[in-house]
């Protein structure tokens, strides 16, 4: 029978899970309409497939359930491709890679990432950073970790001083600090994490679609669209290298 | 018929963590109930005091607690009051939110219960030389608690169920929080939440059963 | 009193959220009441023993957090059965049964409050079971049940704040989205809370009034 | 004609009727007396099929009440019954109480049903209370309303189950007068009662129930002056 | 000694006591009779300070009840009162009902309080009901328990407010017997009552209240055989 790729083409709509409180990857404009890097990627993918794009907002913890629940076809949601998750969903090759930064509340007086030790820190529940930070706290044996439901809540809590530091992608951190909406926060340091490679994802068994997604990511880089969108949403500079030397894929 | 493969053992392996979360959930529920009862009694006192200001506080509390979502109350306790520079940990925020809610509903209940106790009871107690507080504590309060016992046990169930809202204020070591964390890690949504549901169900049944036992022991009249 | 950067578009956005809250509530309460009446009558009619399975299932809706019900049903329908069902439908479906579970208790209580002798009298006049239900039990049970039912309906409205987990943007979620953009938590939360209050408070008062009036005669 | 043939009836392990045989003719007024729990009320509720029976037969105008094929709702139209407990429908006015069954069961139009209802209410002396809710009526008035309500279905038989025993003493008379009036009009009636003067003066025969058995049945003269059964004697001597 | 001097008392606009003067000596038994609403109950609740008064004075053993400096809780220990409405504490056993005030108010130890309680319960004939909850008692037993409860505080005065009027007729006797026993023991008592035989046989004086005025007070012989006040005459003739 037809696979998901066929279904999408036949239905004429591509439904993407996108996180909309994760600027500049996903956010809302002044009219509360979705915009951002991931939103554009979804639109590009839909265009390639020759169908209409439908952005379905999902908070971080709900991305995979939304896919599994058949509510979306593909996740374009800055999702880290961990091996644990790959037991459940199928990832494409990475379409973006984040460096992470430590953002602190000015009052906490932090200088390096190691100053997080013993502090109350937070991140968005279920993200790559959250998992890393919770691990660090365990390792240090001191401090407290608080996961919030949305990225916005994390920065709200940081700005209010409820937490003293967070780790988020450099892009998100810069966008939020620059926006001026969160007074009293600043980027402290880079977080010493392996770059956070994120992939598109869909149902694990949909090889046809996963193949298509892989080629799509490849084409985006090849055609320069990747760099173009980076410039549009992130700014000047060079987008992360999506290839890893010394290994296939 | 299912294309989905259940991975129960993966989820069950996390059961100890979830049970630890259940303990925290119970802690929050019990604390919020104890505090809620204390506040509810105080609020009831305010309403009966005849003092306009105290009565106003009590009415405002009760009406907000009863007419806005519990989620709103908890969110407010964390992010709302932080606008005034007051910071509560997730645990405290959750506790405050649920306590606020409990106290509002219970105060209303207590008021109804008091109405059901004839004022001849107070009169009889006062005639025996008891000061007002003593008469209340020894004669009115025990009867009030009995009348409100069933609503109180229902409220306790509610308190347990409401702990699940703690995730919105960053609570991650109660039963729901633990489950959600595990879900983010493994994405075994259905299995994990099914187990959480069973644990919640058992907790609620234990409360119902316990309430019946206590009622049978306590209220022999 | 407040300085806000909220725009007209944001107000409309909030209004859409409020409309969603009302829509979900009305649909769920309407369907839930119908099911609730059905299950309530059924449970009364077949007695506690035969009614036990229904009672057990409905009791589940009252014994696990609504948040989990939503997540689970969503996951089951979508992940396990792979049905393409919208979050709105899931939200309404779960809330419908949630309502029905409480409603059936209220209905059963209402029916039980109709004195046996009154029903015997109506059957003696030759009224059929259905006529008895419709002309005697229905009106009398309604008086007993209505105040609780109003409480239930308002409860469902407040609990509908949780349907955000199945990607339904209702009022509280809209508020949170605006908080994300505008960073005015206290102001926005106050607006959101006020909305619930303004709907809930007068209706709750009406319920209290009806209860008082009807318990007097 | 009501024919009761060897009727047995139990509630669980409790035998309440132990072989009752009784025939009530058209136009007859039968009073039933007996101790508490002797099965009098149960017999009445069996006659109109509100309670099933264990064995035996009850025939009303030749129709077997407990046969599967019998349309009980139809049969009950013929048999009016009024109970000890007041059971006005509190949400309906007195007039609506009385018109409900004629309209819904007999499918009468509203004007027709009201005409009949007003007639019956006047007959029981409640003509002026038509628009009032039953909550406003005294116990005696409620019982008379219940009688009018039953009569509005033009029943062939009327069963009365201690209709005066929940009444304050001063209200008993008005209800008994209503019963007398009905008897005078030739209604076939079975009246369970504790009012001995009523049994003596109004009824054609008096039956005495004792522990599920009909111990004695006789015309009032004989019943009260020369009771045969020792239990009847004991019962009557207790009352005087 | 209870001295009531020119006491006025209103509820809002309603004048309930209009200048009452009365002295009750140690050991005296006074019966108070009068129509409904004449202010009898109000007077009793004023005597133990449950109600404030508008003017006048009430002295109990020389202490002014409504003076600011008076410790009412202490004063009330001296004055036992039993009301018309049953008001047993339903959540406590009969024994606990009786021991509560001695323990909490007088600070007695449990054994001592229970010893006294048992004695009082036996005196009113409830020795066997000590462990029972009041819900299980008949009305008469409840009233006798209330009497024992008041007596356990060893009061110098006992006030009784129609303690038999909510009782079924067959239970009245047992409560009146208890009152008689108390009177025989020399307790100073004010009994508001509708039981004329009690007033006649037991009391030293009988007072008649009418619309907030004490219209007449006299020894029972004179009171019942030669009432002076026309209202007293009317009241008594209505009762006979």
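Each chain carries a letter (A, B, C, D and E) given by its place in the written order, and its residues are counted from 1.
Keep in mind that, in the parts below, a residue touches a chain if its C-beta (ideal position, glycine included) is under 8 Å from a C-beta of that chain, and two chains touch if they have at least 3 such contacts.
What you see is a predicted model; the values in this text were computed from it and never measured.
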Both-way neighbours, i.e. chains that touch chain C and touch chain B: A
Rotation angle superposing chain D onto its copy chain E by C-alpha atoms, nearest 5 degrees: 175
Separation of chain A from chain E, taking each centre as the mean of its C-alpha atoms, in whole Å: 82
Whole-Å gap separating chain A and chain C, where each centre is the average of the chain's CA atoms: 37
Centre-of-Cα separation between chain E and chain B, whole angstrom: 46
Inter-centroid spacing, chain D versus chain A (mean Cα positions, whole Å): 81
Shared-contact residues (touching 2 or more other chains) in chain A: 65, 68, 153, 156
Multi-chain contact residues (two or more partners), chain B: 3-4, 79, 82-83, 189-190
Multi-partner residues of chain E (at least 2 other chains): none
Which chain pairs touch, all of them: A-B, A-C, B-C, B-E, C-D
Chain B - residues contacting chain E, complex: 118, 120-121, 123-131, 134, 138-139, 142-143, 146, 219-221
Chain A residues touching chain C - in the complex, by the definition given at the top: 20-21, 27-28, 30-32, 56-59, 62, 65-66, 68-71, 150, 152-153, 156, 159, 181-182
Touch list for chain C against partner chain A, complex: 7, 9-10, 13, 71, 74-75, 77-79, 82-87, 164-167, 169, 176-183, 185
Residue ranges of chain B in contact with chain A within the complex: 3-4, 7, 78-79, 82-83, 85, 87, 89-90, 167-172, 177, 180-181, 183-190
Footprint of chain C on chain D - complex, ascending: 45, 48, 50, 73-74, 76-77, 79-81, 83, 85-87, 89-91, 100-101, 104-105, 133, 135, 146, 149-150, 153
